[in-house]
Amino acid sequence: MRPSGRAPDQLRDVTLEIGVSRYAEGSCLARFGQTHVLCTASVEQGVPGWLKGQGRGWVTGEYGMLPRATHTRGRREAAQGKQSGRTQEIQRLIGRSLRSVVDLKILGDRTITLDCDVIQADGGTRTAAITGAWVALARACKYLVEEKVIKETPVTGQVAAISCGVFDGTPILDIDYAEDSSAEVDANFILAGDGRMIELQATGEKRPFSDEEFAELMRLAKLGCGQLFDKQRAAVG
Amino acid sequence: MRPSGRAPDQLRDVTLEIGVSRYAEGSCLARFGQTHVLCTASVEQGVPGWLKGQGRGWVTGEYGMLPRATHTRGRREAAQGKQSGRTQEIQRLIGRSLRSVVDLKILGDRTITLDCDVIQADGGTRTAAITGAWVALARACKYLVEEKVIKETPVTGQVAAISCGVFDGTPILDIDYAEDSSAEVDANFILAGDGRMIELQATGEKRPFSDEEFAELMRLAKLGCGQLFDKQRAAVG
Amino acid sequence: MRPSGRAPDQLRDVTLEIGVSRYAEGSCLARFGQTHVLCTASVEQGVPGWLKGQGRGWVTGEYGMLPRATHTRGRREAAQGKQSGRTQEIQRLIGRSLRSVVDLKILGDRTITLDCDVIQADGGTRTAAITGAWVALARACKYLVEEKVIKETPVTGQVAAISCGVFDGTPILDIDYAEDSSAEVDANFILAGDGRMIELQATGEKRPFSDEEFAELMRLAKLGCGQLFDKQRAAVG
Amino acid sequence: MRPSGRAPDQLRDVTLEIGVSRYAEGSCLARFGQTHVLCTASVEQGVPGWLKGQGRGWVTGEYGMLPRATHTRGRREAAQGKQSGRTQEIQRLIGRSLRSVVDLKILGDRTITLDCDVIQADGGTRTAAITGAWVALARACKYLVEEKVIKETPVTGQVAAISCGVFDGTPILDIDYAEDSSAEVDANFILAGDGRMIELQATGEKRPFSDEEFAELMRLAKLGCGQLFDKQRAAVG
Amino acid sequence: MRPSGRAPDQLRDVTLEIGVSRYAEGSCLARFGQTHVLCTASVEQGVPGWLKGQGRGWVTGEYGMLPRATHTRGRREAAQGKQSGRTQEIQRLIGRSLRSVVDLKILGDRTITLDCDVIQADGGTRTAAITGAWVALARACKYLVEEKVIKETPVTGQVAAISCGVFDGTPILDIDYAEDSSAEVDANFILAGDGRMIELQATGEKRPFSDEEFAELMRLAKLGCGQLFDKQRAAVG
Amino acid sequence: MRPSGRAPDQLRDVTLEIGVSRYAEGSCLARFGQTHVLCTASVEQGVPGWLKGQGRGWVTGEYGMLPRATHTRGRREAAQGKQSGRTQEIQRLIGRSLRSVVDLKILGDRTITLDCDVIQADGGTRTAAITGAWVALARACKYLVEEKVIKETPVTGQVAAISCGVFDGTPILDIDYAEDSSAEVDANFILAGDGRMIELQATGEKRPFSDEEFAELMRLAKLGCGQLFDKQRAAVG
């Protein structure tokens, strides 16, 4: 039995609320149960220096967590003067995942920054961030098309992400903080709209894991992302 | 006529919503029109090193702004590796103001950190932060009393804050971003519950200002803070 | 009775000595009793990047304190790798105050940096810095006119600053360190040559303060700045 | 055909040379073709502060690259004042992987730091680092047992790692820099001695990847790690 | 002919003025012509962590330069967030030199920090700093003896320093900025009171130098330091 | 008797091995007994900003030490976020020394960076670094000539360096770590191919030193560098 009382293949209540920022070109508040991530897509003219003159745009991600998003207060990264290794790892992942479904030539001489700020954390913040960031990105691109800034959307497909784990010997979908703390295996799946994989990470937290376990985690991830894809399409409209 | 259409002595719609954080001992989402600041009060055992062994607690503030809280995206301070002078100035102000109404001996060997994070900005973020932080602080102290951690609340009075300005020659209350941008004089007032002043700052942005102008700004601030004190008391309950 | 033995409305011995730097375009050693601040005005070609191409110059301030300027040695900010919040707050104040009396169009494509370094501190360093920096600035601009670099001085008026406080219930002028340590209220006034205010900051250090107290502090500040304006004019010549 | 001329399931020439550091308790120079990583295991008394008094030791990893380890010179991280996100991601991975096969209670109040410094890079530096670090770790623990510092080795199993990829449609083993640059899919596998997985990461660099492709990459990884396990055992002796 | 018009073996006008700081236990304003360095000796209880419990004190140096101490304004190190390599090199030299004449056991559980701040620079700042720091140190120790904090002075001998150079083929003493800029060889000598050497550094700026040249520079340095030793003794009293 | 058993004027076994880097334009592994320094010369197009448009190239040095190059593990500078004063001092020395034998006009619009990374340390790392860096530099320039990038080598002479010291009253050549730890005097000599001096540094670690002692150290240094010059020429070919 899961601490959350959910069935092994059951997602938390997920909502993807758009239009939550007055200023951002696209925005989405992704709620996976008690995990709340505010995702904004900001469109700016120009690209980073190393990309200049290539006729291509850029998509990048940044990630942060409010100090009291968690059970006990964490230190503010801005006050510490640097981002943790974990933060940097996550923001690299967000950028890489979203770029995989953007045609940067169509985007042109523009940079879209996806800011994913965790307002409240209960496990699975990076996957909620990616799922919500895709909505913010798609909304921002839709806005650019509507405003006739670009002729067609540069978004070539969907991206959603979910974390799974092995808890008390049983593979389960969408693990929350309580489950994550005692999970034996922990995995993050980032999937494309056609069910293929964009990125996956799996870690044996307490012990190595077998092919069979991993295959089951992958099956659960596909199941969960299928539901997330539906919610994303409904949110983008 | 103000860009906002408000009367010179009219506040924006202000709401002080409590219980917005699942984990913090006290929390308040302060909305002053389109300015939204999430304030949490985190209670931790112990005090900073320089205060050890004096039988007194500590209250401090931190301030941050989400990168896309503003019209155009700002750079993330954690990524830049330091907090701006403006951020540091504001968080010093928050801590100083709130400490002025806390009996640190009653608080005992505890630190309360007030995190004020601007989710959306439309002018007056520092005064909204202080007004909301007081609610979060009072709620956290109420919780400590209810949990019998301390016998009585260390909060000795109320603190609320509001910004005023001279716009097109007219002193006005609670200036928003559009008004702030072209204000001639800009002032922040932090008032105690009895109407006296805890801190004030006034700047002649475009020209020096006279005693008469300043007196009118102070009158407006007292008027506005009177209304904020009522809302704070209602929120704390 | 004040610890310093001065009358409530009495300044310390103030001297504004010019020509104290062999290299700077303008310089002034401002002595307010035992508080000694070395102010230099450095003129450099060009303006910060964000101001380029607008046909306007820039005036900015920097502030520092020698480690043993104070009773007990403070840590060297350069060795710590960052400037304190207090330092940044003060240098923003210096820059803002001085810019309020400079016509940046007349200054043209130049930056004037006002370095205010506290050689010895006995309270009121920020107000001594501003008062001395104005002299250094005016001297540098006079030099630019004499050298025919610019046709007329961009300095449009005077700026002087003084700190006041409420000590043992009595409002007093120009508080020194001993008085500041036990002052109930602490205020800094930055005034224009015509007696109007450019910036003011007041803090209830031990308790809130009333309108009447603040009005008396303001009266003292005007009195004190009047004397400082005379000394500034004498120094600039 | 691979640029390297190797068969799809062929490792580069791999050597694991021990005793390469005069001072370290354990050391290994891992050569995977032209990728050379110097791994040292340093044993120090005590553990990080957050682990004190729990009767457990700690194993951690650090990673660096000499500026000219690569085709074009990279900037020295020490000179830049921070480690890149990539470096931090890799050193977290090294520490996590090695800890998974260490009984920290047996290690006792000691920290073993695995420094993995890339002397020359030709792709696959993180997997070579982990494979070599295990040898350095096992050698250091053997030394501790021989010196009667601890009674038995805390190393509970083997860890080896290899990168695979899909190149021109074909899954291949142990990709080098030339292959990596144009690989469609890139994956790192960290395996336990019994063939189960400790950690895996897979990224669709140019396109998403299917279950079948991933299964083939996993098969290659098991094949390659089998050979690495033999070499590790021979090196440790 | 030297740009300064001095004879090859002629020092600049040197004054060592004591009592220039109201708070420091010892202080000296060292003027070598237009080079002015303010040296303070601060005595603090306790020693750095790595020296605890050894019954020995510590002497260390810090060095800084006001931004406009030089012909053109330099950037403030505190604002840049780090000390330059040059600054660190000089402060290590100051500490090392002064420690060579202090009996750290007699000093006991105390740290003396020598802050050398360059108010105005015209070449030879590091040697002026060392010469003045010795006076500040000796004065501080004298004060400790007079206050009966320690029974005898821990200062075991004198230290003075001077820079020499080869200018237009001629070895000269005490080079100033104009001479330094075009010197072929540049050397700093730190001498003990008995004429032996504590530290020396020599650099062929434009070409290598011969034994004979170096011998002549050393002769000049001894001559100059002899005069500095007299001035130091007079200053300490 | 030296701890190393060497005669007072005897170098350690010195080898200068070239071609140790697959990518660098020039490389040399300098081994002075158990001190091993990997030196690479990297040629890059362009020069630092402050040198642009002057028709001259630039030569600079960087220095690092692997954390476990020493008896006990040192902290990684990249992880600490800054280079120590010692590191900066050494890399300034490397750059200065090598530039003294390069005609920067012949080098043209190019920068050569000499990375000197200490793989294993047993005293004398800075002098081994300079001696090896010269070989890497000369090899890189030879390569540029062979590739017809430049017409003639910009290297105008040889540079070698050695450390000497006074140990137990006897001046000795090429001190290792054990000797260095208890040396009374410590000196580094950087010599030009004609026997003249490019830079020298001498420090009385335990006591001041006399002219006679210094003269003997210099004699030993010339002897040692003579042998190093032979080895360098053999290595460059």
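Which chain is which? They are A, B, C, D, E and F, in the order written, and residues in each are numbered from 1.
We take it that contacts are C-beta pairs under 8 Å (C-beta built on N, C-alpha and C of every residue); 3 or more make two chains touch, one makes a residue touch a chain.
Because the structure is predicted, anything quoted here is derived from the model rather than measured.
Enquirer: Note down the smallest number of touching-chain steps it takes to go from chain C to chain E.
Expert: Minimum number of steps from chain C to chain E: 1.
Enquirer: Of all chains present, which has the mean Cα position farthest from that of chain F?
Expert: With centres defined by C-alpha atoms, farthest from chain F sits B.
Enquirer: Using C-alpha centres only, name the chain that sits farthest from chain C.
Expert: D
Enquirer: Per the centroid of Cα atoms for each chain, what is the distance between chain A and chain F, given in Å?
Expert: 50
Enquirer: Could you grab the centroid distance between chain B and chain C? Build each centroid from C-alpha atoms only and quote it in angstrom.
Expert: Roughly 28 Å, centre to centre.
Enquirer: List, in ascending order, every residue of chain A touching at least 2 other chains.
Expert: 81-82
Enquirer: A student should be able to answer this: under the defined touch rule, what is the ring order from chain E, with chain F coming next?
Expert: E, F, D, A, B, C
Enquirer: Mind pulling up the chain D residues that touch chain F in the complex?
Expert: 21-24, 27, 34, 38, 40, 42, 44, 62, 64, 66-73, 76-83, 87, 113, 115, 117, 119-120, 122
Enquirer: Where on chain B does chain C make contact in their complex?
Expert: 82, 85-86, 88-89, 91-92, 96, 100, 191-192, 194, 196-204, 207-211, 214, 218
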